[in-house]
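As written, the chains take the letters A, B and C, and residue 1 is the first residue of each chain.
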Amino acid sequence: MSTEREDQALLSVHDLAVSYHGRHGAVAALRGVSLELRARECLGVVGESGCGKTQLLHAVMGLCSGGAQLQGSVRYRGRELLGAPPATLAALRGRRLALVFQDPLSALNPYLRIGTQLCEGARRQLGLTRRDAGRRASALLDTVQIEQPALRLRQYPHELSGGMRQRVMIAMALMCDPEVLLLDEPTTALDVTVQAQVLAVLRELRARTGMAMIFVTHDLSVLAAIADRVAVMYAGRVVELAPAAQLYAAPRHPYTAGLLHSMPRLDAPLYERLPAIPGQPPRPGDDTVGCAFAPRCPLVHARCALMPALRAANDLAVGDAWVACHVDGPPQRLREIWT
Amino acid sequence: MPRYVLRRLLSAIPTLLLIATLAFALLHLTPGGPFDSERSLVPQIQHAIEARYHLDEPVWRQYLRYLSDLARGDLGPSFQYRDTSVNQIIALGLPIDLAVGGCAIGFALLVGGAIGLLAASRPGTCRDRVPMTLSMLGMSVPTFVVAPLLILVFAMRLHWLPAGDWVGGSWRHLLLPALALALPYTAFIARLVRASALEVMGSAYIRTARAKGLGPMAVLLRHALRPTLMPLVSYLGPALAGVLTGSIVIEQVFGLPGIGRFFITGALNRDYTLVMGLTLLYGALIILCNLLVDLCYAWLDPRVRLAQ
Amino acid sequence: MSAAATMAGSWRQFWQRFNARRSTTVALWTLALIVAATLLVPVFSPYDYSTPAWTRIFTAPTWRGGQLFGTDALGRDLLVRVMWGCRISLLVGLVASLVSVVIGVLWGATAGYLGGRSDALLMRAVDVLYSVPFIPLVIVLNVLFGRHLLLVFAGIGAVSWLDIARIVRGQTLAIRNREYIDAARALGVRAPAMIRRHVIPNLLGIVIVYATLTVPAVILFEALLSFLGLGVQAPLASLGSLVAEGASEMQANPYLLIIPALLLSLIVLCLNHLGDRLRDALDPHEH
């Protein structure tokens, strides 16, 4: 990745690989991911289930399950996080790097009140008293547009609706004013109106505090509303990384083009069948030689038997785009290959 | 909550009624009466005795009489031990059963829980495999096998603890019985706690707690402890019931003067009131234990608590 | 892939998971050995289980004359008596478990399948029966009814079906509510085919597991009754009554206690272990 930018990067991930020891050998969840998060930006990460996006967030925070083996490098402000002593990581978690988990029902402890769970991070990391922490929690619940904060603080997770729980998770992540906010599918379990609300809250937070975010989702349409740059992941690797506008207008990787094409549009002519990318993504246990997308790619040719590296897109006009594909040359109208 | 308790207590009544009826029917339907094994009596005296104990009345009337006595809390006189009422026998023997049972459960909870937590802290290693194999053993060897073996080792060969001969009685006499009784429950609780701890530690909310930067102690005590112990609370119901009925065997082997011993001799000698009274006592204790356990569970789990 | 092939495939997987650890093989072989001995030894031994031999009382275990386990207070060969005891234990285990499984499955499946009021009623009965102190009642039963062996079976079977009923009911409910049942119904599959293709295979696994776990519990219960003098009657021997006899002589002749105790524990241990492994194989937790 570009070195002259590294001092600007808040979080820089280099060749991160995560594998688990399974019954029949090693299972690779991440196979060498490199990307960086710059100050004040929102980086979107998109991909199908099983592509490793959740593992990426967990690995950054050092929260992978016990049997995980990690390789590569994760640096926060230049400090290496992989292999750092637990005390160092604990000091950073919540305080500088905060993670909003995917399923708020299982991610919240059913036996503790919302108030307890909200305040304990701040009380430990910032040394707040119970009253101060409570006040701060109330204020944050207000920010995420939850009504009657005082009542909610005394309630238990199962007494709240799904949308409220998700917003509580966001408030919980914000308690210590972190610099980096990692969000794992924060809108997936919500219906569209609540989704819009949550996105609005996040946008406003960014505008006000300048927090940097990594927003993981499988839904490209959500990222269009919030991301500055977008990374597309497939089978444990990043296959394309570009500024959002450019990615949507002129994708460079066949997979990205396929994803965009498969989003149904209101302004398109009536479909006979819903557009989809044929085939299945490889499961985490499957080891493929060469490009993982080759079996499903309409542009596949002989060179694809070799794993394509993430390289700068050969385009003079745009500086900051990366793609991992053997298809070279000026961007064709890639979308058409899917029609 | 009080309404729930009341409802449970009320629904216990039909169960107790069922138990009483079952026991009554069984005893009265079988051949042989309580005084048959005595030396053959002159018919007049036999009639007099039977009249005194209302055995000459029709069965249904005896049944109703028994129920009305029951409502007053009177379990009737013992047929074997004249001039002693069943209530008195229970009062004499129950404290010992409660003492032994209480010790056994306490031991099982503490030791079993500790072993389970230890095993869960390093799953797959020796610290895990060895206790789990031993616990499988502990659950498979029955109490009536363990008890004599314990006596053989600790009382007869090593002379550390008394074997029986409860005369005057001291706490020392309770140790071996409590240990023998506790063993299978200790083993099961160890497995239960281990499985529960492993499941809790792998759950999403523990990961959330760590993501907030909480220290390991806070994660364990505030987030993990209660969910881990919940299955243990549920198990307490059947465990208490088992300890209660298991004491029957223990008393036999160790010669303890508890109520279990009276149960068998009572059944053998057709001591109707004693057997029925003890059966009802067991039933009532089991129902009470289950109720307490359910209340405990509801108090600990907010999802259940608020559903009422 | 055809339905039969998928079934065969999953059975193979199941068997692989089951057999994964060495301890399972050991347990299976131990049980097989015991069963074989149980069947063959009394047939080929010159001694029988009830004839006393007053000149040979309390002889310790020895190779001489094939009296591997020695003799008891009446000079009867302990090996043969123990083998008879094993026979009784295993027989009771099988028969009583069968009885309790049949009752439990019928009760639970009916409750789960019918749902609603009938389900509530049936399960209420189970709840009430749970509170009844069965061990005392079965003791009473056995004392009063002259201790026929069949009654022992019946009493034990009557005690153990409650757990299975609950499990089967829960499982039936879960199956009934699964989407593929709705899908099958929407596609026009009729009830008998549905039961055959969907309900029974899913129930089978869990019933087998719990049946395997019921057997040792039942064996222990029978041993308990015999220990108390209420089960099998002299001169027939059950492992429980042998333990009782051994306990009364344990100061001078500990082998009389240790040998039947060991065998009983071994049988129960193997069965518990196998049941445990079956359950893991059916429902693997990937750590």
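Note that contacts are C-beta pairs under 8 Å (C-beta built on N, C-alpha and C of every residue); 3 or more make two chains touch, one makes a residue touch a chain.
Nothing here was measured: the structure is a model prediction, and the numbers come from that model.
Undergrad: Report the chain whose CA-based centre is farthest from the CA-based centre of subunit B.
TA: A
Undergrad: Which two chains have the greatest number of C-beta pairs in contact?
TA: B-C
Undergrad: Mind checking the centre-to-centre distance between subunit A and subunit B? Centres are C-alpha means, answer in whole Å.
TA: One centre to the other, that is 55 Å.
Undergrad: Counting in whole Å, what is the centre-to-centre distance of subunit B and subunit C, each centre being its mean C-alpha position?
TA: 23
Undergrad: Please compute the C-alpha centroid of subunit A, do the same for subunit C, then give the distance between them in whole Å.
TA: That pair's centroid distance is 53 Å.
Undergrad: Would you give the residues of subunit B that are in contact with at least 2 other chains, written as numbers and ranges?
TA: 202
Undergrad: Residues of subunit A that touch two or more other chains: which are they?
TA: none
Undergrad: Enumerate the residues of subunit C that touch no fewer than two other chains.
TA: In subunit C, residues 287 touch at least two other chains, as defined above.
Undergrad: Looking at the complex, which residues from subunit B come into contact with subunit A?
TA: Subunit B residues touching subunit A: 202-205, 207-216, 218, 222-223, 226-227, 300-303, 306.
Undergrad: Of all residues in subunit C, which touch subunit B in the complex?
TA: 128, 130-133, 135-137, 139-141, 143-145, 216, 220, 223-224, 227-228, 240, 243-244, 246-247, 250-251, 254, 257-258, 261, 264-265, 268-269, 272-273, 276, 287
Undergrad: Quick one: which bits of subunit B touch subunit C in the complex? Just the residue numbers, please.
TA: Per the touch definition, subunit B meets subunit C at residues 12, 14-15, 18-19, 22-23, 26-27, 30, 32, 123-124, 136-137, 139-142, 144-145, 148-149, 151-152, 156, 198, 202, 241, 244-245, 248-249, 252-253, 263-264, 267-268, 275, 278-279, 282-283, 286-287, 290.
Undergrad: Give every residue of subunit A touching subunit B within the complex, in rising order.
TA: My answer: residues 58, 61, 63, 65, 86, 90-95, 98-99, 101, 103, 106-112, 116-117, 120-121, 124-125, 156, 158-159, 172, 176.
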